[in-house]
Structure formats: C-alpha cells, structure tokens
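Each of the next two complexes has chain A plus one other chain: chain B in the first, chain C in the second.
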Partner chain A sequence: MSQSVKDPAKPLLEVRQLEQRFDVSGSFFDRLRIAGGRISAPRRIVHAVNGVSLAVKRGEVLGIVGESGCGKSTLAKTIVKLHEPTGGQILIEGEDITRHDFARMRPVRKKLQMIFQDPYASLNPRQKVRDIIMEPFLESQAGPVPDIADRALALLAKVGLGIEHLDRYPHQFSGGQRQRIGIARALSVQPDLIIADEPVSALDVSIQAQILNLLMDLKDEFGFSYLFITHDLSVVRYISDRIGVMYLGFMVETGPTRTIFAEPKHPYTRALLAAAPQLGTKLGPASEQVGGEVPSAIDLPRGCPFRQRCPLAFARCAEERPELRPVGGGQAVACHLHEPATEPALAAT
Partner chain B sequence: MVSSQPIPATRARSRMQRFFASEFFHNYKRNLSAVLGSLIVLGFLVMVTIGPLIVSQNPYDVSQLDLMAAFKPPAWLAGGSSEYWLGTDGQGRDVLASIVYGSRISLIIGLVAMGGACLLGTTLGLIAGFYGGRLDAVIMRIADIQLSFPSVLTALFLMSAFGTGLDKVLIALISVGWVVYARTVRGSTLRETQKEYVQAARVSGLPNRKIILRHVLPNVLTPLIVVATIQVGTFVLIEASLSFLGVGVPVTQPSLGLLIKNGFDVLFSGLWWVSIFPGLFIMLLVFGINLLGDFLRDELNPRLK
Partner chain C sequence: MSNNEQHSKPLLRVQELRTWFYTFGGLVKAVDGVSFDLAPGEIMGLVGESGGGKSMIGFSIMGLIDPPGRIEGGRIEFNGKNIAGLSEDEMRVIRGKEIAMIFQDPMTALNPLYTIGNQIEETLALHTALSARERRAKAIEMLHKVGIPQPEQRLSHYPHQFSGGMRQRVVIAIAMIAKPRLLIADEPTTALDVTIQAQLLRLMRQQVVENGTSMILITHDLAAVSQMADTIVVLYCGRIVEKGPAEDIIARPRHPYTRGLIDSIPHETAENDGPKQRLSQIPGNVPDIRKLPPGCAFAPRCSRASERCRMQDPVLMEHNAIAMGSGKLRPHAVACHHPLAVSP
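Moving on, here comes the complex of A and B:
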C-alpha cells in the first residue's frame, strides 16, 4: 500500500460543523395546509446532522454510536458525498471536498471507500463476484488492466474466500460471505479510509466476531483508518480507538474509548452505557435511566437536544444549546454541567 | 462488464441442462395453458416463416390470381375446391394464403412496435426514476395524459394525422405503447436506486450512465418480459382495428385486420369465409400470446411465489 502522506500533521479525515438537512415537504400541493381560515404551505425539514465536527487520524478507528435515527448513517453517507452536505466542511488530507463535483471527486474516491450495512442489498444480484469486487479498482484506472483475474483472486484471498467463488453470483453466498465480498470491494482501490456503516449489525452474532476480526486484521495489514458507525456498544468498544456519541444529529460526547466507557460525562452517554445489558450485573441506577421518546428531527427542541429526557436538566438547558467543549484527557462533552467554567482545571487538552 | 473468461462448451451444456431441470421448466410442463399458448405462438412463428413457401400462391402477385376462381367456398362445402382449402375472395385470392401473408405482417408489426415501445419506454422510465425531479415530472405527466385516452383512440387520431402506411402504424403503436414500460421501469428504478449496491457504485466513482446501464437496467428488466409478451397481442389487435377502420396498413401489405375488412362487405351475402377465417386466426394468435403471458406473469412475479 502506498502511504503517500501529504502532510502528516493533517488528519486523514476532518469534518467541520457538518450539517445535513432534507426537505421532506414534497410538492407545493403536499405542503398546502388550511388551518384556522388561513392558507399556508410550511416546509418540513429533517435536521439529520447538526454541526458535527470530527477528525480521523491515519491508522485510527473512530467509532460513532447512537440509537437508530440519530443521524449516524446520514453522517457517513454525507462524508462519502452520497448526499450533498447543506453546511460545513469535509476535508480529506486537508483538501476541502465539500463542493467537489463528480470529476474532482474521482481522485478522492480512491482514498475513500465504504462498507454497507445490509449484505443482501449491497451487492448487485446480477453481477459475478469477480466483477463486483474489481469494479471500484477498474473505475479508478484510466486504461485496460492486465491480470484482472489474478488481482481479483488476491483480493478474495485477503477476505478469506477462494477461486471457486470468483464466478458465482451473490445469491449463492451466506450473509457473512456476502459481507466479505463487500469488504473485498472496498479494499480493491487500497483506500486510506474505510467508512463502515453498521457492517455487522445485519449478521448473526457468531459471524459478527469473524467479520470484526477480519476488519481488524486488514487494518493492521494495510494501515488504513475506519470511521465505524454502529449502535452496538460492545462492537464499538472492541474496535475503536476513539468514540463519538451522537444524539438527534448532534455530537454530544467524544473521547478515547477507554475514557468514555470508564467515565462517561454526558447524561445521554451515561444512560446509553447503563442501558447496555451486561452479564452478572443489574441495570444501572434509576437516575441513569431515561424515559420518553427521541424528539422529532423535524422540529428540533430549543436549547439542548437531550433536555426533555435528561434527568439532570435545569433552566439553562432550555435556553442555550451546549457546545462540544474539551474537558481534558482528549474527552469533549456538549453539556452545561461540564462547561470549562465549572471545571476550569480540566479544560486544557 | 468486466471481461470474463470465455465459457467453455461444457458450461454451455450444463446451462441447457440447468434450464430443463429448473423450477421454471418444471412449472411450465405442468401448466396446460402455458404449453398450449406457447404451441400456438410457435405455430404462428413457423407459419409466417416457412408458410409462404408452402401455400399455393402469392395472393399479392396479380399474375398468380385467377378471377374465375373468385368467391369459392371452403373445400368441404359444395362448390369448394381442394386447391383453396379456406376458399377464395372476390379476386380469386386463396384465403389461407392471404392469412399466411397477413399473419406475417400482423406479427412483424406487433413485434417491431413492441421492441420500439420497450426501448423508448424503458429509456424514459430509467431517466425519470434515476434522475427524478423536473425531468421525472415532465415524463410522467406526459405518460398520465397518454393513459387518459383509450389507446385505440389515440392511435386512430395519430393515424388520421400522419396518413396510412406500415411505418405510420408502427409510430402510432409505439406512441401508445411506451407508457406501460416507462411506468413499470420508473417504479422498479426508484426501488433499485435506494439499494446499497447502487450507492456502492456511486462511492466507487461510477458515472451515472454506467450505474444505469450496469446496475439499474439488469435489475428492472424481469417484469418487462410479461408486459412485452402481452403487448404483442394488444398491438396485433390495435393494428387490426386500425386496418379495419381503413387507417392502418396499405392494401398492398394487408394484415389480418385488413383481410377482415376486405371480406366484411360480402359477409352478409353468405360469403362468410373471406372475413371469418382471418378473424379466427387473430383470435387464436392473441389467445396464444395471452396464455403465455399469463403463465410468465405468474411465474416471474415474486409475490405469487
């Protein structure tokens, strides 16, 4: 693998204040409302990702956790530009790709690959395995490529499949094998960063461990980075160097994996960890449990997005939205309870 | 596609064997109407390909016609001749020979128009479903307008605007037939483009054209087989209606529909065979195509499995 490090000081991937909104109001006639004798046509905007910032260094695994609907998949798909971001910046090795068009994205695509959640939908049922796994590579090459079959075979070997699988179609494989094919496809361009969107959540538990080990082995061999999206805390704990916790499209806490698990600061992170079942222990204290529902991403609550469910919310939480601020030890929290003002000694990172 | 190694002969044979061992073939064998339908269609295909070599005369070569033999009844009736099994028309044309030549015109029109409508409709459906937005709205509104008129009426209107002729019949049929493909393909395209394999192709940097041709198109084709089969029958009928009304094919290239019209004038004078036999053949052809289409629809529809 060619490690063409342009600037080692720059993180491989940096996301600044990324914002992704979707207009789901439909056509004018879908929007039309008549209420109280007045005609209006309000827009309905889903605030999927709200000002998320993160950085992934070379060789690092950043895990993003959060419950379903928190915008973590949208974040992943926006970073690979499956969606056009509505605000903020995406930088790959310091290069701002936020407004890159198709032609300017092409060289960037070689550095950036994705592994998808559903192995039954992520492979074209009408393509042979050899065509599936070589497609990103062939697309990145200008002319014809010699030894395609050998390259395909080498790729398959990396993910634990063999020559007998080369000419088969996806329906002839199990879920775990399909995910291996998806991984081989991502590896074909020798990317620097792989964005894995819940890569094991659709698999049987016994297969999950195999695939996770494969992902870790490949990382050690090739030295790329992962942005690892999952809702499974045990997975993220096993695989990540650092963790980001998302809630309602906001990044509420980031930090080294160990610190987050040992000393979660944000009330939501604490509730999330307390809710994870563990052998031999009872559920966390009642104060850590939260009730209620996740608010709608169409009408974001004023102030802190978590305040309606937070057991520790106070007056300021309804007034002012907390920023993600460093609290020391590489950890950062978006919570008024952990402002640097209240913990000045720990503010320096 | 990425180049694959050539398929050795052993694989080709096993593909044939696989077909005969497949569930599809198994169901086909047990389905009487499917076998009947395909035999009828096959019979028509044989008839229009080698039929002209067998029948006694070319009914549109004037030198071969015998005016003395006009309005002969079918062979089994009194006054009939074994030379003209199904009798003759007012110019001494053998009705059977006319039917063989007429079926050829009818089938060619049905198949070519189906191919044209399929190509046009699929292309527009792919564009509408893949790109969405204003393009989608325009294409689908045109389709809606098209659908709000009966297809025979639209075709009739177009024919009276263009004038008669084989090419004009094809244009008219394609203009009324593309809509069903466009709608079917658009729906499937919307569903397929949501799937992660299309997103994977985007992440790999494939241009839209390649994504459509390589990933979307192969996955939206299956439902079209049914539509296309049944449409051949529909087109044969529409063309027959147009020709019967006098705005279809020219008299020099008579289809089955035109044969019915030619015999219609003398139908009530007791000379029924000139009109009735072409009518029966149209019925048989459309019946066969529909039986086959029904079987394919049941077989290829995953919801019925």
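Moving on, here comes the complex of A and C:
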C-alpha cells in the first residue's frame, strides 16, 4: 500500500470546477423543430454537474447529500471516470487524471474504488464470489499471484463472510451480504479512497446499520477516506466529517457536519433538514417548507438554481448566479443572502 | 383522533388473517394470524422490513391476492361485514368507493394510455350517478385540492407529462375522490424525495382528516410513520410482534425487534465531537420465511432469547399503556417471552 511517501498536505482527491453535460438530443431528425416558419435543430443538453469543486483529505469522510436528479451520482461516476468529464479537473494526490485513458487509469484505480447502490446489479451473476472480489486485485497485478485463495479468504473475513461463501454465486446471497461482497471487492486493492454511491439505500433498516458499522470499522482499520453519496440525512450525519449539499448540479453549501446541521445557511439546506422526518415528532404544519419541485436540468434557470422554490429569493437571485463563498468556520454557501460583504461579522471569523 | 373513538365500533376488524402462498419453493406464510382493529378516522402505521408481510395485509384487505396466494383463514370485517373471500364482482363495488389504495410507484398505478382526467373520472363513473359535466367539475376540484396547478389544462395530460411527485398527487386524487372510508397507502412516499415526501404526507393527512377516512399507512420508514400514525403495528415474518399507540411504541418499545429497528436509525444523541458511536445493530438477516425456526421467529437474532423462545411461540399479550396527552388507557400488546421493561 505505502509505495510512495505521502504528502499529508495534499488532499487525496481534489475536484476543481467539474462539469458534466450529457447531450440527450438524439439524431438530427429527432432534434428538428419547425417553429414560426423557421427550421432549427436545437440540442438538448442535461447539465448534470455544474462547476463543482471539492477536496477529500486523507482519512476524511465527505458526505454529499441532495435529492434525486441533483447530480450527486453523476459526480461520483465522473470522479472514477465512468463518465468522461466535459470540463474541470480531477486530481488524485495531485496527479491530474482528467484526461487519463483506460491504460493510464489502471494504476489510479488501485487508489480509487467504488461501491454501488444496487447490490443486485453491481455483481456479475455468472462469477463466483472468489472471482468477483479478487478481480480488481488481479487487474492491478502484473503476473500470477500464488496465495490468491488466502487473500480472498482474508478479504471475506474482513467483511464478515466466511470460507463457505467463497464458491457461491451472487444470487445465493441476501442484499446485505451482497453489499458486503461489493465492499470486499473495493477493499481488494487496498485503496486510499472509496467512493460509495448510496451504499445502504437499497437495504432494510436493520441491515443498513450493519453495513454502516462495517464501513466505519474498515475505515478505522485501514485509514482510508470516503466520498459518501446519499440522499439520507440521518445516514450522512452519522458517517460524515464534512458535508456538501447539492442542488441541480450545483454545490450550494459545504461545511463540517455539525455546523451544517446546527446552522444551515442555504435556504435549500434548511428546507431539506426541516423536511426530513424525525422519529417520534408529529408532522407539524408546513414551516420552512419549500413548494414546487426541482426544475429541469436541461433548461437551467437563470441566476440562482434554487430561486424559483426559495421563500427568500429577491431580484438579484434572478440576475446573478451566486458562487460558493466561505462564510467562516469551514462553511461555504452559494447564496446572495450570505455574502461576506453583507455579513462582515461572519466573514471575520 | 376523535374522543368517541373508544365507544364507536371499529371500521375494520381483521381477525386471525392468514394469507399463504403455495410456491414451488415451499409454503410462504406471508401473513400468519394477524389481528387488529381500526377505528373510524384512525391512522394506523404498519411497519416492518421487507418480507414482513405488511404489503400482503393491504392486498388481502383489497381482495387482490392472486394464485398461488390464498386467504387461508381469518376474517376481514369491514363495517361489520366479512369481506374476506368475496367474489371479484362483489369486491369491485367496495374497491375504489369504500376502500381505496395508493401504491408505491405512481407510474405503474396510472395507465399511461389514458389522460389523468379519464382516470380520475373513471372512479366517479363507476361509483356515482354524476353526469359527465359534474364529473369533470369534481375532477378539477379534486386536482386543485391535491395541489396541482392549472387543473383544467392538466386534465387532458397523460401520466408521463407529470413528475413523480405530481403523479403521486394524482394517485391521491383518484383514491380520495369517491371519499372512501378506508385508505390503504402502501409505501406512498418511498420513491420520492424528502421535500416532496413531507408535502405528500401532509396532503394525505389533510385529506384523511377532512373526510373522516381511516388510513393504513404501510411503510418501512419508522420516522415517517411516527409523524403520521395514531397507532403502530410492527410486523416480523408475517406476524404482529408489537402494536400500540404510536408515541408509546416509539418512546417505550417492549419488543426487542422494535427496539432494534428504532436504534438502527442513525440519530445524533450526544453533543460531543468524540469518536463516532457504533450504531446498535440487529445481527443476522431476516430468515427465509419458508423455513422459519420453531418458536419465536426473531429468536435467532435476539439478544434476550432463551431456550423457551426457541421452543414456544410467544402470543400477543396486552398491557395497558397510557397514551401521551390524553391520559386514557390504550392497549399496547407485545408478542415476546422476555419483553423489555418499561423504562420510567
């Protein structure tokens, strides 16, 4: 694992102004429109990730929350280069991997592994467990590995499975056990960073707790970092050191977990926290609720992406898109209401 | 909840319901001896993990159990009449008018080939003698009530032209338009985002309260249930392990499984910045329902299990609990040989 001396100052993962767009317009004839006597063929572009910057330090858990369609999964997949980014930079320990091709990504994948949401779709049904979990490791090795069976067994033990599971196929496992297999596969190359995309969302509550505990135990043992993508606020609060809140492909607020939950600044973060069901609290009247729904990522609204649903929106929000600016205490907000100029007291801290 | 709830007869009385499925893999006792009462206007939460049988109770009440499944025994008394085993024709009169259901996935609940207007009016055409014009007016009014903007125009739109949250609003409109006496909502907000979920739970509660409808809310989400329900029924492997007033179940669970479910939800307890507490977890997995162990089905995962638990089935026993606020005695029942002590 420790093949090189690691510079602790450098973040493990750094993403700068990442952009991911998808052209969904189809063929020329699909695009063809006749309006007002004029023929045009406009393109339809989904703006999935819009200029997102983030950094994950060694041993840190960064949680990304947001509702469906906010671009959090696309962000994860772009970082591991399952999608080619359309703009911005991805740096792993300072190495720019944005334009790496498959061959040059291979050594990078030893540092970077992913756990997926759906434990049914992310395991090859025709592979035995021993082959599934050792595949990334074998991919990263030049020659044959003599003690492969022992390694596989050790990996399974780490995730709470045993020797009897080695020669079974994925369909013979429950959802929670499959997710354990997915985790073992990610662990096989001893990565520095694990990107987990909704790893517990498909699981029952009691199994969710088992997997979260396992992820935290492994982190303590191996000291790696997580980029943890989820829509579940209670999960993100439990697991993250820092949180980033995404909305419509934009990062609208980042900060330490406690600060985000104690003093959410962005109106969207506030609405999200207020809407989350609390155990044993009766559903009150709509308070800091936002109406409406997420606008289309094809026609991004002008100005602030949240302004149409925001109870506090004012003229400037429609004109100018707010940028993510630090407001002190490690917190940063993309909102015109929280600019350093308007809140000098906060900026000074 | 109304004050006369104590005296009034239950709207729905389910007694010893058994819904079994005869599969090639073996006999699946999806619902195995479930009994509960639902008072008029009461909101009951049915919770449990996948395979608990909670959806099958809803389907049984609606008469939607198809082979290889069968209602093997028990009674479903709706308004004093046993509706278990009614013929399809007889059920059709009740379904939609007296009992309506909302499903998890609004896209599969709506027919993609018909406009929203057609689908809302269909219920009225089947169950009322209203004219086409009156039906249209009612449909517009209902869409307005569930918060769909420009209802007149939206009537002629197809399901695919609505977002997930809007579709579920349409489904709620269809369910509520005939003012049913019982609404069964099966994971109605699971497929939706948190902000939309809160909007829809409020909408459903408002609709139910306005019309005096009773509601069964089926979900795996304990937090959502605790926000909505008057009473909670917890299921495990087709049986009720605990039932009682919602506040009481959440604050003072007696069954180790209920306790485990509550503790599995990550929640911030301490204010300190220290190392993260491990979540308390229920070990193991939900057993294969075709090969349930003898005795208590939860025993293999239970820290309190004794020899007795592995031999003898616990029966659901009532204790009296004081519902918060009202000071009235309401039954809290638990099926456990070693229930948790009531903490002060």
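Going forward, the second predicted complex is superposed on the first by the 335 of 349 C-alpha atoms of A that agree within 3 Å, B and C clash if a C-alpha of one lies under 4 Å from a C-alpha of the other, contacts with A are read in each partner's own complex, and residues count from 1 in each chain.
Here, a contact is a pair of C-beta atoms (placed from the backbone, for glycine too) under 8 Å apart; a residue touches a chain by one contact, two chains touch by 3 or more.
Just so it is clear, the structure is predicted and the values come from calculations on it, not from any experiment.
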| item | value |
| --- | --- |
| Overlay on chain A: chain C relative to chain B, clash or fit | fit |
| First (chain B), second (chain C), both or neither touched by A:R106 | first |
| Partner chain(s) touched by A:R38 [first = chain B, second = chain C, both, neither] | neither |
| Which superposed partner A:P125 touches (first chain B, second chain C, both, neither) | first |
| First, second, both or neither for A:S234, with chain B first and chain C second | second |
| Angle at the Cα centre of chain A, taken between the Cα centres of chain B and chain C once the superposition is applied, in steps of 10 degrees | 80 |
| Which superposed partner A:S140 touches (first chain B, second chain C, both, neither) | first |
| Partner chain in contact with A:A275 - chain B first, chain C second, else both or neither | second |
| Touched partner set for A:Q210, first chain B, second chain C, both or neither | second |
| Contacts of A:Q177 with chain B and chain C, given as first, second, both or neither | second |
| Lowest inter-chain C-alpha distance for chain C and chain B in the superposed arrangement, angstrom | 9 |
| Set intersection of chain A contacts, chain C complex versus chain B complex | none |
| Of chain C, residues touching chain A in the complex | 49-50, 163, 165-166, 193-199, 201-202, 205, 220-224, 226-228, 247, 250-251, 260-268, 273, 276, 278-283, 285-286 |
| Of all residues in chain A, those that touch chain C in their complex | 67-68, 174, 176-177, 204-210, 212-213, 216, 231, 233-235, 237-239, 258, 261, 271-272, 274-283, 285-286, 289-291, 293-294 |
| Residue ranges of chain A touching chain B (in the complex, touch as defined) | 77, 80, 82, 102, 105-106, 109, 112-114, 116-118, 121-128, 130-131, 134-136, 138-140, 148-149, 167, 182, 185, 189 |
| Chain B residues touching chain A - in the complex, by the definition given at the top | 1-5, 195-197, 199-207, 210, 214-215, 218-219 |
